[in-house]
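You will see chain A twice below: alongside chain B first, and alongside chain C after that.
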Partner chain A sequence: MSKMTLEDLRKLRETKKQEAAQRDSDGKDSLIIVGMGTCGIAAGAKDVLDVMLDELKKAGNDNVIIRQAGCMGLCHVEPTIEVRTPGMPDTIYGKVDAKVAKDIVNIHIIDRKLVNEHVYDKPAADIIK
Partner chain B sequence: MAVKNYVLVCGGSACESAKGNEIYKSLLHQAENQGVSSDLQIVKTGCFGFCEKGPIVKVLPDEAFYVEVKPEDAEEIISENIVKGRMVDRLLYKEDSKAEFKAEDIKFYQKQERIVLRNCGLIDPESIDEYIARDGYLGLEKALFEMSSDDIVNELKKSGLRGRGGAGFPTSLKWSFTQRVESDQKYVVCNADEGDPGAYMDRATLEGDPHSVIEAMIIAGKCVGADKGAIYIRAEYPLAIHRLEIAMAQAREKGLMGENILGTDFSFDLEIRLGAGAFVCGEETALLASIEGKRGMPIPKPPFPAVKGLFGKPTVINNVETFANIPVIISKGGDWFAEYGTEGSKGTKVFALTGKIKNSGLIEVPMGTTLREIVFDIGGGIPGGKKFKGVQTGGPSGGVLTDEFLDTPIDFDSLLAVGSMMGSGGMIVMDEDDCMVDVAKFYLDFCVEESCGKCAPCRIGTKKLYEILEKISQGKGEMDDLDKMRDMGAAMKKASLCGLGQTAPNPVLSVLNTFEEEVLEHIQGGKCRSGKCKDLVQYTVIEDKCIGCTVCARKCPVNCISGERKVAHVIDQSSCVKCGACYDSCKFGAILVS
Partner chain C sequence: MHFSLSDCILDLVQNSLEADADEVQLLLEETDDSLIVRIEDDGCGMTEVELKKATDPFYSDGKKHVHRKVGLGLPFLIQTVSTTDGSFNIRSEKGKGTRVDINFNLKSIDTPPVGDLISLIYQVMSFHGSFNLIVNRSYTKDDRSESYTVNRNELQEILGELNSVSSLSLLKDFITSQEEELKTSWSSTS
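What follows is the complex of A and B.
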């Protein structure tokens, strides 16, 4: 890289900051847990995880921690994802493909609404409209 | 593919020496083998501080904190934690037999406040981008575009930052002296000649976050009007030197150092000067002489280096830890910094906690933290259920703090008041097995070796004090030796040319003041209660207990134990070297130490 000006330095800091923010868990309030058991991976959980990371980045949201977990026991509806975010009930989604993953980010995390047709375990049935 | 996990491997010297680099390589290798290398980023960071349990590997964002990792564990970390998302339970740090996976939950980290070590163990020290991502060079940006020289000095003044090399001189004053002098050339020098036995704070800072020191030196250059600087570092810190060189090259390439920094008309460049590891070269005038290519010996002050320093020009000289504080003080403001610490000592202090302590390592606490918190909460107390005896602070210039000072808040002034000093931050914990005469002797031996020999009080004084202590440890001490040592110590303090000689008697005087009884025991009773002074110890066989197994006779390196099988043995005192091998090897407790 050639020598930087003040503008370059500021720009570089902003981009690098976003990348680094992924590592930090301080001050983040939302958590997405992706079921990465053999069943989940076979059903495409890895791709789902990628899509979610991409979508969050696109939305400029650095408030979410993404963790991987083992099998959640809902092997019949893999890939499964649990979302915990303030003001919303903890929710487990199943049969998550790339499109649903995008919906979860945009509708659940950002607009704070449930993606009803993919809710599989929590919350209790009466909350789902 | 996007990166999902970050694996941080400690790349500090302590963990490196415990195969840190092999762990790093085998993690890379395993990630490749298991087809997940694009899912994760493996970063070699600076010291995590928890050296006792190293090498350390941390997985983010899961926050799995793995301790005592071996290269062969890499396979499991990748296959379990990365591929399947399950933590490797057996490698997690366990406290009170409960697995504590998060670093914040570990007692060792709870009372710490990391300002100097803000990036240590978090970023890759060989990547300038990672430093910039953590607000790196933000301080420089402010200093160049928004602040005048006076503003910078004022910000430092507000922060109350005092030199971390040991003496605690206000940094703002030091800088303002150099700033005010007219000169065609000025210099900025970083003192990285860390030499106290048991201290490795500066080493870890440079290895873990070299850019913080470089940024601060450029800010210093802007403040006082210097365009050249040097980092004086001992050649035995190869990893720190290597990372500094990388960092300097990166800063130059990005236009953060060199000609016309960030397009302004301010230029500043640095070079590294290697020292051969003489303790006296940590003294600023000796250090400057060494940079100039002369023999490293101190000269009388004043004039101070701030006015007449390197090559006779005004020079700002600060130590590594002082510099590392400065970028954040400038970017976050002096008031923010002044919220930490005590009335007279602001901010934090990094200590290297070593000796008889469960969690040895590198810690950073706010000034004013008590010794009890450091030793028992962070350090986890004394291993083996032994009794706490004292903490030696300030290395060869400091003294011993006993249990009566456990609740003294630690800062520059409180330590001086109780007869020790902050020093650069080595803390050596001692238990009941340590002999205070022996400890004092150790430090004096160090000073005898390291005295440059230029002035008589130091050259002769250290040697004579050592000889008296040697005599006492052999049981040949006399009562008037105590006064002799006190007199000589007082003279050395007054008459020595530099800090080395002025503080060399401190460990002895401190022992005389706080452990006089133990010293008297050596002189009057010919007895060393901890058995460290070999000449005062006698090993004998307890006849009733000895079953004549012959183990001790076989272990004895000088063959001074004789006896038939199944008959009590006898130790020949005249040829015994008091190595203690017989005591260690006897399974029947038949060896008496007296």
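What follows is the complex of A and C.
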């Protein structure tokens, strides 16, 4: 890849926008919140976010929103991520590594089933705005 | 101790954002021997007493988690540099901001690996909130230096909110291309 300028980036963005407009993206608007506190980072949350982004890109789920939050209070099962998918219960997954991250994308977000072994909690309302 | 230096830096940049900074400057200067990092913010800052407490692993201000008795962000940094002949300096002024200067010694066998700087940079850019973040990254070898700068406001103007898979992927590609150019410009000219 040659070095991209900001102008290249702007053009690429326009192309992607047009491609996305042509694709049917109904019901794909999930929200993923990755716990990025000291505990999450120490357990590998940075790599988990990276794997999730690549996997979602591969699956063509361009509309999924990924946000980073602080510690969710589940330091003992970090890395944790919360997934909010329309039609599914809001779920907090724990002990997420690269393989589990891929499972969450393919099983939870795409196939709409829970990744049972890694369900740890439903979100606490006071922690996440 | 964090697994990589990138993890450690990610943690520290998050401190700046939690201190309500409007602008954060992140400097990453890499040579064969060292990684020099400077994180400077205009957040709420700390008094001398607060600063002293912040370096104590058994202290937390208790605002985020009421019953918690530990705060490990800065102590992890101190542990890393003090066991590997590195150095750090933290200066803070209440109401003005905080500046952390770090010199990670890459020659020490006990220094954690630098880690993935590409994901570090796109992830600090995509933290939630309205703030500007400027990353100055350079790589110096044999008296020659290559560098690039990325500015969060500029990128956001082009890509929109940096939180959807489509904008984050483009952001990651952009940073990747800057990083590749930084390192490959050596092999292409020599």
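Please note the rule applied: the second predicted complex is superposed on the first by the 94 of 129 C-alpha atoms of A that agree within 3 Å, B and C clash if a C-alpha of one lies under 4 Å from a C-alpha of the other, contacts with A are read in each partner's own complex, and residues count from 1 in each chain.
Convention: a residue touches a chain if its C-beta (ideal position, glycine included) is under 8 Å from a C-beta of that chain, and two chains touch if they have at least 3 such contacts.
Predicted model, so just to flag it, every value in this text is computed and none were measured.
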Answer with first, second, both or neither: which of chain B and chain C does A:A42 touch in the superposed model?
second
Counting only touches as set out at the top, which of chain B and chain C does A:K3 meet: first, second, both, neither?
both
Looking at the overlay, what does A:N116 touch: chain B (first), chain C (second), both, or neither?
neither
Both chain B and chain C touch chain A at residues 1-4, 6, 9-10, 12-13, 16, 20, 36, 46, 49-50, 53, 57, 65-70
Interface with chain C, chain A side, in the complex: residues 1-4, 6, 9-10, 12-13, 16, 20, 36, 38, 41-42, 44, 46-47, 49-50, 53, 56-57, 61-71, 73
Please give the residue numbers of chain A that touch chain B in the complex, ascending.
1-6, 9-10, 12-13, 16-17, 19-20, 22-25, 34, 36-37, 46, 49-50, 53-54, 57, 65-70
Given the complex with chain A, which residues does chain C contribute to the contact?
2-3, 6-7, 10-11, 14, 18, 64-65, 72-73, 76, 115-116, 119-120, 123, 126-128, 154-155, 158-159, 163-170, 172-174, 176-178, 180-181
Inside the complex, what are the residues of chain B that reach chain A?
1-6, 39, 60-63, 83-86, 122-123, 129-130, 132-138, 141, 144-145, 253-256, 258, 260, 262-263
